[in-house]
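In order of appearance the chains are A, B, C and D, and numbering begins at 1 in each one.
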Amino acid sequence: MAAKKTKPVVAPTPNSGVFSVMKADGSVDARRDPKLSTAAARHLYETMVRTRVLDERMTMLQRQGRIGFHIGSMGEEATIVGSAAGLDAGDFIFPCYREIGAALYRGFSLETYMHNMFGTAGDTVKGRQMPDHYSAREIGFGSVSSPVGTQIPQAVGYAWAARHKGEKSVALVYFGEGATSEGDFHVGLNFAGVMKAPVIFLCRNNHWAISVPVARQTRSENIAVKAEAYGIRGVQVDGNDALAVVAATREAAERGRHGEGATLIECLTYRVGAHSTSDDPRVYRADEEVVPWRAQDGIDRMRRYLERRGIWKPSDEETVRTKADDAVKAAIKTAEATAEPDLETIFEGVFAEQPWHLREEWDEAARARDLK
Amino acid sequence: MPTWNMIQAINDALRVEMRRDPNVVVLGEDVGKFGGVFRATEGLQKEFGDERVFDTPLSEGGIMGTAIGMAVYGLRPVPEIQFSDFIYPAFDQIVNEAAKFRYRSGGQFTVPMVIRTPCGGGIRGGHYHSQSPEAYFIHTAGLKVVMPSNPHDAKGLLLSSIRDDDPVVFFEPKRIYRAAKGEVPEGDYTVPLGKAAILREGRDATIITWGAMVHEALAAATTLEGDGVGVELIDLRTLWPVDIDSIVDSAKKTGRVVVVHEAPRTCGFGAEIVTLIQERAFLHLEAPIKRVTGYDTPFPYTLENDYLPRAPRIVDGVRGVLNY
Amino acid sequence: MAAKKTKPVVAPTPNSGVFSVMKADGSVDARRDPKLSTAAARHLYETMVRTRVLDERMTMLQRQGRIGFHIGSMGEEATIVGSAAGLDAGDFIFPCYREIGAALYRGFSLETYMHNMFGTAGDTVKGRQMPDHYSAREIGFGSVSSPVGTQIPQAVGYAWAARHKGEKSVALVYFGEGATSEGDFHVGLNFAGVMKAPVIFLCRNNHWAISVPVARQTRSENIAVKAEAYGIRGVQVDGNDALAVVAATREAAERGRHGEGATLIECLTYRVGAHSTSDDPRVYRADEEVVPWRAQDGIDRMRRYLERRGIWKPSDEETVRTKADDAVKAAIKTAEATAEPDLETIFEGVFAEQPWHLREEWDEAARARDLK
Amino acid sequence: MPTWNMIQAINDALRVEMRRDPNVVVLGEDVGKFGGVFRATEGLQKEFGDERVFDTPLSEGGIMGTAIGMAVYGLRPVPEIQFSDFIYPAFDQIVNEAAKFRYRSGGQFTVPMVIRTPCGGGIRGGHYHSQSPEAYFIHTAGLKVVMPSNPHDAKGLLLSSIRDDDPVVFFEPKRIYRAAKGEVPEGDYTVPLGKAAILREGRDATIITWGAMVHEALAAATTLEGDGVGVELIDLRTLWPVDIDSIVDSAKKTGRVVVVHEAPRTCGFGAEIVTLIQERAFLHLEAPIKRVTGYDTPFPYTLENDYLPRAPRIVDGVRGVLNY
């Protein structure tokens, strides 16, 4: 059975400390290595780099006033892309709001993304939501929204439904450690336990919820231990170790596929940047806290791994960065040249069919456009 | 045609649709083996198994959150909230998630789901087993809101609601669960959403109401008929989107309108009905539109009959608009 | 320090199994004995008996149609009264809906209670709430309401406020095992952990939430283990052993008073009766399941303890039951002879001062009374 | 008197009251060291310590539940909900608990608490950073609802709200947090709850509005004045209990009324205002009362200026009632 082959020899285990595969120098513990193919390892790394490049560009665009908002994932790429890489293509992702890396890994088009960032007529969500709030059904990726934690029980229902229909897929849901304080976290994990739903709860413990440090979020020993309250498996993973995240996600997915229920994976990582472009962390966070995390950057570590494995050379780095940069710039150009959505996009799609009152309101809004 | 009460009609609607559509699942507190505290889901688990009819942990937020996920996947969940007084822990999932999923995803994801929930007073349930919270949901863009007043409509509207591609909040007036009886067709039929029922025609005054209050209004209309007053009685059935033509036409015809509801008056759905009519039938109105409603207090226990808009208050309201 | 003296020698300890003091025959483990005075032990027992007598009467009244509703505590008296007995008089109780025994222990008047059961003009909550939904501020007892779990975070805020104001008191909050599934349970315990609130979470695990057994409520090993998710202490106690409940509650209260934060106490007990007078458990529960629990009745066990200690004789039993019965009957008589509340009770007390619209609505309701 | 913006005025009100009353505590997400994402609580933790101004875990239900407990004890908590779009996880605690505590306990327990929360659109926040959910709370018996439109009122109303013995939902229109500036008295003063402000007197038409829309209405009134139309502009300030006399008197005077609000139209507070006026000033009305409001859709992102009731739409609305 394929599953067996990919199972890591030494698996992440509840209460056994932080699971890791790679050292800082990129060397791996062979027993734990998820043994990615060259192509897969490169795709994983390249997506991390592309995510970082995209992040930098979006932040710049926001500073220039060309887009209204951006929420990035600097420092968390290994967690985000690594977990996507641990899934099968048929698995479904319920995003939080920082997982563009997971979408890119699955082939989400930069152009589609950029239309969302600019809220254009080309936006698949029709300019109705903020930047970074896209939906990507075609790649098995849900609907980004702002309310913290609401996606957690939804993922449970989705995963349960898929199993109910005889599928062998799992659902993975992303959230931050701050979200673990919401009622939705609790009810989601509890329902998953009782319903034996094949769901992976992927907590990006990036240590901060805007200005609130994790120590003020909960007094529990860690996040993973919370799994015990629901009779599900909980593991801690080095979230800056992309291979560890791949291995842990794969194992959780295999368990889910084989009827062993849900797993809570706590990925220990760090929000190196601001919460979003609306935030300024200097007000509440000392830069000294950030420095060591920058040194443990997940992208650097993964590159060292590729280099050791002999499947990455300096010119590759330049190529991937240049290509990413060019692609982002091209997408920006397209989006900036695209008109804003039609007026009717406000009034359509509230329901499958438009009721009388929305037809009237649309007329009213159209008339209002003619007012001085 | 059998004569059934509301519970039997609702139970039958669920059975009919679960037989027809394997995507329908029923979940909630006590809906499984017990068949629901009002017995609306009785026998369903036995027929459809505990994967399609099951008890959840005690969490309305969890019921709603997981049901949304099921609907996003493609099922048609029919979650039950045991009393609509307890729907608020699920409020965020309903108003911020279910109601906005289609819109915010540009139609990529939809939430075809029917939230069944008993509502209303008159059963000596006090604050927490008597509320009529329909206005909260009518105010929320993206939700349909339904409240039947009799077994025939209950079954037909529930079947329409389950087949609807958007989330529907389906209120069941628990006071008439067993009291309202009537002939109900067996098998499949639907009552369309968005269409009111004109239960009586009349030229002198219009009463617009829904749910259990339909029965008080019928009693009031009978009394008024004895006095020679012809009342047009409209049972909205679907509260939102409301059947605008029926209410405006009737208001134009009679020029005198009374809206009756159990919920607290202020910002209740009555205010919206009044406003829609005055916007569209202003010159036809012979008197201010009158609200006969519950009061702006939590629902009381001992004195609930003072709180509820009973027939005499409705009669008085109609007389008020007639004598204006 | 008084606290030391009352601390049980062998304390309930997290993950150490179910804490108990008494055997079925009423013999006690001396090291764990909370060493109640004769008066205290008798008061504890007598209150349990009075609670049972009251329960039986109320159920009968409801069957006769004289009251509309009753929710009882048959089988759970040791948990309910024992926990009240473990508190100091200055501690505050946030009730669920089954804790009349705790109120009676603190001296709640039967007459006041009965006015609530009949919703009379004498009801301190003015006939506004259902039977068994009273408030009893004078005995440091909160407001009974129906929504499951809402009282849990409230107790945390209350306990924190008391400590903030320099008091040495704790708050104890009751709830069933079903309530642990609600978001409010999670947020309450999590806030308590972070805020170090001196609160006791007293879970009556009576194994059923209406028709739903605890196994469908959560897949966690037990309820007490959920405390770990919040970094607070969690213990399991034999809930039919009144002395164990006293000891565990006392210990948790002492910890709270001394700044050691919150405790979750899971009392293992059983809902021997129906959920309420509106329920019929025969539809969903086999009587065989109930039989062994009846045999472990907490009242019988406590009586055996008193008898062994030589502070209880058969005539005492008769006296307490007769007195209880008479008192209940007298209270019923008074309540039944009392008028219903005035109309104005509907319109008063929504706010501290009555606004114009409620004055108008009151007039309207008064006029409506004159309609045929 | 200093010239302050809304944020400064709110910050000052909190400081004034925390100095005066040791029972006032401030809690919420990011309100401590950071001073709130809009900086409304800036400097308070430094002055009053982290026992009186503190960050909570990320849970609105927890914030509200614990704040209720503090209020029941006797404190006067001022919890912040970071955006009113995120108030729904706390909805149950607000509508079933805070709103009913006094009533259900026969006055034994009360919940003096002010829920501060930014609301409204115009900052390019999309569905989840733009909502105006006031109607949900107005419909809930037991809550007072306040929304200031300028720094002077913001401070004076916040001080009144904290001193009020009942729960108040205090909406702060975030779009004018920094844009609305004005003179604000230092130290202690109050603006009474339940009293509207008549910002302009006029005989031709009445505009009734609140919050950020006051500024659009002012612009509209200025335009209309240029055309010789005298607008009476009422800023409600306290939404509930509403200042019934001011609105009814003005409606009687002008006979032509426009209600303006950002929230979705259906079952919005506008419907209640319309209904109250038609109940009390029916014979004085020369035209149907007009609603100029947000639409019945989730709040959009790119096209938010089409969604919001801007001045030209208000002008058009007033012309509509004048030319009826």
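Just so it is clear, a contact is a pair of C-beta atoms (placed from the backbone, for glycine too) under 8 Å apart; a residue touches a chain by one contact, two chains touch by 3 or more.
The structure displayed is predicted, hence computed values, not measured ones.
For chain D, the chain whose average C-alpha position is most distant is C. Work out the mean CA point of chain B and of chain C, and you get 36 Å between them. In this assembly, the C-alpha centroid of chain A lies 45 Å from the C-alpha centroid of chain C. Once the centre of each chain is set as its mean CA position, chain A and chain B turn out to be 40 Å apart.
Per-chain CA centroids place chain B at a distance of 31 Å from chain D.
With touch defined as above, residues shared between interfaces to two or more other chains in chain B number as follows: 57, 59, 61-62, 85, 89, 92, 96, 100, 103-104, 127-128, 141-142, 266, 295-298. Annotation for chain C: residues touching 2 or more other chains are 123, 128-129, 133, 145, 147, 181-184, 187, 190, 194, 216-218, 350, 357. Viewed as a network of touching protein chains, the structure reduces to a complete graph with every chain in contact with every other. Contact residues of chain B toward chain D in the complex are 61, 85, 88-89, 91-92, 95-96, 99-100, 103-104, 127-128, 135-136, 138-142, 240, 263-264, 266-272, 274-275, 278-280, 282, 285, 287-291, 295-298, 324.
Every residue of chain D that touches chain A in the complex is listed here, in rising order: 29-30, 32-35, 37, 55, 57-59, 61-62, 85-86, 89, 124-129, 265-266, 295-298, 300-303, 306-307, 312-313, 315-316.
Within the complex formed with chain B, the chain C residues making contact are 68-69, 119-120, 123, 127-130, 133, 145-149, 178-179, 181-184, 209-212, 216-218, 278-279, 283-284, 340-341, 343, 345-347, 350, 357-358, 361, 364-365, 367-369, 371-372.
Chain D meets chain C in the complex at residues 25, 51, 56-57, 59, 61-62, 64-75, 77, 89, 92-93, 96-97, 100-110, 141-142, 144, 164-166, 194, 241, 244. Only residues 94, 123-126, 128-129, 133, 135-137, 142-143, 145, 147, 150, 152-162, 164-165, 171, 183-184, 187-188, 190-191, 194-195, 349-352, 355-357 of chain A touch chain B when the two sit together in their complex.
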